[in-house]
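These are the structures, in structure tokens.
Consider the two complexes below, in which subunit A is the common component and subunit B and subunit C are the respective partners.
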Partner chain A sequence: MKVHIDSRRIAPYLFLLPFLIFFAIFRLWPIIWSFLISFFQLDDGDISGFIGMSNYITIFHDPTFIKAIWNTLYFVVVYNVIMIILAIMLAVFCNSSIIGGKKAYRAVFFSPIAMSLPVVAVVFDLIFARNIGFITSLLGMFGIEYNYRIFASMTGAMWAVILMRVWRGSGYYCAYFLAGLTSIPEELYESAMIDGANAFQQFRKITLPLLKPMLIFVIIMSTILSFQLFDEPWILTQGGPANSTLTLQMYLYQTSFLKQDFSKGAAVSYVMTLLMLAASIVSVSRQKESSSGRK
Partner chain B sequence: MKKVLTVLLCSMLSLALFAGGSGESATAESAADNGKTKLEFWTWLSSDAAIDAYNQMQDDVEIVKVQMSHADINAKLAIALQAGTGAPDIYQTTQRYYPQFRDSGHMYDMTSVVSDIMDGYPDSLKDLVTYNGQIAGLTPDVSPSVMFYRADIFEEYGIEIETFNDLIEAAKILKEDGIYMLPIFNPAGSWGANAVGMLLGSRGGNYFTADGKVIHDNKDLEIVLEFLNTMVAEGYGESLTFFTPEFWGEFKAGKIAAWIMNTAEAANLKTNAPELSGKWKIMPTPRWDDKEQALSGYWGGTVIAVTDQSENPEAAADFVKWLCGSVEGQVWAGKTWSAVPAYEPAYSDPFYQEGDPYFSGDNIYDMILDTTPFHYFDWASVEMIIGEKLDLMFAGQLTPQEAARAIEDTIAAETGR
Partner chain C sequence: MLGTKRKRTLSKLGIHLILIVYAIFTLIPFYWMAVNSIRPAGDFYSRMEGLFPDNIDFGNYISLFSNTSFLAWLWNSIIICILSTFLGLLICSMAGFAFGVYRFRLKNFFFWLVLGSVAIPEIVTIIPVFRLMSDIGMIDTYSSLVLPYAVSMFGIFLMKQYIESSLPMELLEAARIDGIGEAGLFVRIALPLVKPGLGVLGIYLWLNAWSSYFWPLIMLKSQTMLTVPLGLATLYADPWNLQYGVLMAGSLISTIPIIIIFICAQDQFINGLTAGSVKG
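Showing the complex of A and B:
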């Protein structure tokens, strides 16, 4: 029997084969494997016994895990709201026709993202330092004494982390919004001005609605990344004081690598995945709802 | 023809990609350019000079240092040992985390290589590295506590310290001029459990009994927490995250007058505040006022071991034996990371009789007092629990007594000890 091979049909799949093989081994299989081991006991790296939902039940009974969820959600919401508002404001500023030296502003706003996270953490450590820091020196010039150690404060430490992230992220996402703004036709603003719309009305009725696709993209990307918050609090507070900056990613690290409980760690990672998925779905659906409501 | 070429090209691509990660290639890499067999050594310490000295004596092997934090070593090693691949030939970890690797059964049995030197170690360290009757590692160093202090500040204010109460009294005077007596880990993080443990040790106390049971109603723990709480609440100690730029900045700015810490941090101090050379001196850990004898607390020290994934375990064990179990290796450890020798014959070397100009000529080894055994169990959990309770105490939400009870009860509940 003669087998006929249609090269034009097979060729694309053959070219894709290297990627597919690597994707299956290094992406797909770890995802499946980690899901499986979250239901099994691990003994020296090998599955030794089915334990059902035990890991999931255990972590949800752990107050530290609940605290980590709360901290993470708090960070995700507060950080994203502040960062996105600031990023849009920066983008509108950079896109304004009355501003000179836009390229310089863009470069300055974008530059923090080029710094590595540990370096940013170190810089902010020195900004906030109680006795030798930038804030102390600045306020000292006006005779004001600064005696607050923010990283030792259970209420202040998370805000320091949020500020750090906002400083680093707003310029980066500003670049996305700038790309969105340049795609808005100038004629829309001209006709709005003829109709008597002021700058705020133009922003609300033209800029924001037409930025919506970019806004959704930024929200999803930023939400996913902010769920993975780890470096800054780990360097500056190790999750303290009293777990007030402990995030899910840090809890996952502690569980998997410090306590070496990979099975429970896998369960934590799947809870994280579900939370990220839920947050993204909620964000997108709310954006879609508000878009369709306007039509 | 075109069809055949397409299939061939794709097949070659796939094969080439897989060949990149093959074991054959990895084996080829293990032979150094100079023909020597490379042995990978994971450590976080600046031990290059010691490694270079060993390499120069070797014709067949070369130790290649891979430097990463000890947290990274623990994390990567845990995965590599469980996965059965990716572990180094040799690694160094802290004594408090070592038991989890020792008990994994994935350490090379070094007994035949090192049995002749084991008499040079105290029993507690021999017990630490022994698993099922086999020697599964060696200790290059121990980390007893001393007190580093700024001689210029102490002299200016006429401070003389013998006991912990003296520290508090002197701190009251220094506070008036904006100087803190000690840096205090706040937030506590993983440092908290170790620093409290060190102070506990300086009282002869422990978190656990020798057989791993939590000590309840631990009066030593209460007294240590009371001291730390006083330092923070009264503003005598400066709350800092240890080893951040702010931490070293406060030292350099002359804001910190003293530091009760393990001996290994002498090297850290010299590296991060070289401009303070000659301003520091060292004294033994102060005595607790309710105790007759002053003791050094214990921070933990380190262990170096060979994994069962090493293709040249005997050669790897020879290096570990040289560094941890020979006078020459121990002197190199002292020179490179200010190691306090675990191998007792090393103290006979003149190196350990010398003073250090950075510390105004003081010899750190002369400042080490007797220690009592300190017991480590489930240390990752212990660090997290103690860190949280200390933070709550520093925030005024727990009294020292309540914090002590909360630490004991939570460790017992979480670890079953």
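Showing the complex of A and C:
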């Protein structure tokens, strides 16, 4: 007797098998497990009792956690607004039909991605440093003394981090916007020009609305990534001065791995997830509103 | 009309000027890193007059390799990148092939599973995966960094798209009639056709593994197991022995491989990366 197996029917499952195994072990199960343990007490790493929302209540009573939320939101909003405006501007200028060299500019603007975030952190430390830094040398050429210790300043430290991220992110997302711009047909601009629309009107009435799908994609991706700000402030300031650069991911790291409180850490990670989703939804729906309002 | 041509030339110059200024801003950190890596260690705490070093010397590179574990870190990073790129490419292209070519009962369910899990960020998985790794004694090993990174949702979307757009169904049917099995279709027909997609995903996976900091920080413990970014951060964190020149030399070396990849394939990489973003 011959057993007939239709290889075409089982083949897709076999091709998916490695993915499913890894997905189950490293995503699905962890997502569920950390959700569950956020409602339990852990003693020496063993689950000891159901405590309901206690972990969540405790972290929300911790002023340091609230501070971390504010710092993270501040960073996410300020960084994304500056970075996205800059990226769109650069893309529009690069794409302008009257200039050449679009690819060369894009290549240069994209290059900061080659530096890993820890390297960005230490290089910018040496740019801002007093006495031996780039700013000192640059201003020194004009006879100006530079003595600002930016990473010791409550507002300066976060702005330094924002600047680093803008430096690294604007060119990266500029490449995305450029891809979105190339798909806009040239004829639209030509007929707008015949109707007498100036460059700014063309930008508002043609470029921005047609760039919207890409804009929404970039907002979501960049919001999620920037919520997880950790590397640069952790390396440079460890959250200081006076917790002014303490981020949610840092709080998560401290709770889970320095204080070894996994269930509270899991609660922090779920609060972060909710905030991220909320922030993405709010910013995307605002984009949608503004586009329908214009029409 | 007062020269529209002149107006055009002016705005052309203006746009170039803005873009060039921003390009210089973009390149300053690269320049500063390179210049400081070749400043003699002895000059370091004296101010640089102007933007060029007075003396040039490669001592920082020598002490980077002889006084720190940089060579070991470089080795670790390379091994981890090779393993995670290879594993990621294998898993993503197989899954992309399944989603792109076949019709099967659970297809939509699995695809929504992938899509849905994108909404939940990686941070949620950190604690359980760390516990798992320590339970099975894998902390401080290459596996602890390679395995959790192997599944990339972006990679599956990308491969699915490349396979759907560049692999004609008729070709598969013809090959089946010639007696090529399903595994043969994947290895001999699909993979060669989606080489550009594999290249884009390969660079993406390599870049992620090469620059990752948070995950290695949690998983690695011993000084000789560190990856390059983590190793550089520990050099920086040691205020008594901090030598900026050595640190910049290490930073430069860690950036060069990626720059080389970009010089060879940046256009294809950017096009592949951005093409799938909105459709996917």
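Methods note: the second predicted complex is superposed on the first by the 275 of 295 C-alpha atoms of A that agree within 3 Å, B and C clash if a C-alpha of one lies under 4 Å from a C-alpha of the other, contacts with A are read in each partner's own complex, and residues count from 1 in each chain.
By our rule, a residue touches a chain if its C-beta (ideal position, glycine included) is under 8 Å from a C-beta of that chain, and two chains touch if they have at least 3 such contacts.
Just so we're clear, the structure is a prediction, and the values are computed from it rather than from any experiment.
With both complexes brought onto subunit A, simultaneous placement of subunit B and subunit C is prevented by a clash.
When the shared chain is aligned, subunit C comes close enough to touch A:W167, but subunit B does not. Once the two complexes are overlaid on the shared chain, A:Y56 sits clear of subunit B and of subunit C alike. By the touch criterion stated above, A:A157 is placed in contact with subunit B alone, subunit C being left untouched. When the shared chain is aligned, subunit C comes close enough to touch A:S34, but subunit B does not. Shared-chain residue A:Y74: touches no atom of subunit B or subunit C.
In the superposed pair of complexes, A:L258 makes contact with subunit B only, with no contact to subunit C. In the overlay built on the shared chain, the residue A:S7 is in contact with subunit B and with subunit C. With both complexes placed on chain A, subunit A has more residues touched by C than by the other of subunit B and subunit C. Look at A:P241: by the touch rule set out above, it reaches subunit B but stays clear of subunit C. Contact with subunit C, but none with subunit B, is seen for A:F110 once the two complexes are overlaid on the shared chain. Steric collision with subunit B, judged by C-alpha atoms after aligning on chain A, is confined to one stretch of subunit C among 92-100, 218-226 or 254-262, namely 218-226. Residue overlap on subunit A between the subunit B contacts of one complex and the subunit C contacts of the other covers 7, 11, 14-15, 18, 22, 45, 122, 125-126, 131-132, 235, 253, 256-257, 262.
Contacts from subunit B toward subunit A in the complex involve residues 2-3, 6-7, 10-11, 13-14, 17-18, 71, 74-75, 78-79, 81-84, 100, 104-105, 178, 186-190, 238-239, 241, 244-246, 249-250, 253, 255, 380-381, 383-384, 387-388, 391-392, 394-395, 397. For subunit A in complex with subunit B, the touching residues are 5, 7, 10-11, 14-15, 17-18, 21-22, 42, 44-45, 64, 122, 125-126, 128-133, 149, 151-152, 154, 157, 235-244, 253-254, 256-260, 262. Listed in rising order, the residues of subunit C touching subunit A in the complex are 8, 11-12, 15-16, 18-19, 22-23, 25-30, 32-33, 36, 44-45, 47-51, 90-92, 94-95, 97-99, 101-102, 104, 106-107, 110, 113-114, 117, 119-132, 147-148, 150-151, 156, 181-183, 186, 207, 210-214, 217-218, 228-230, 232-233, 236-237, 244, 247-248, 251, 254-255, 258-259, 262, 266-267, 270-271, 273-275, 277-278. Of all the residues in subunit A, the ones that touch subunit C in their complex are 7-9, 11-16, 18-20, 22-23, 25-31, 33-35, 37, 45, 90, 93-94, 96, 98-99, 101, 103, 105-127, 131-132, 134, 136-138, 140-141, 167, 171, 175-176, 178-180, 213-214, 217, 221, 224, 227-228, 230-231, 235, 249, 252-253, 256-257, 262, 265-266, 269-270, 272-273, 276-277.
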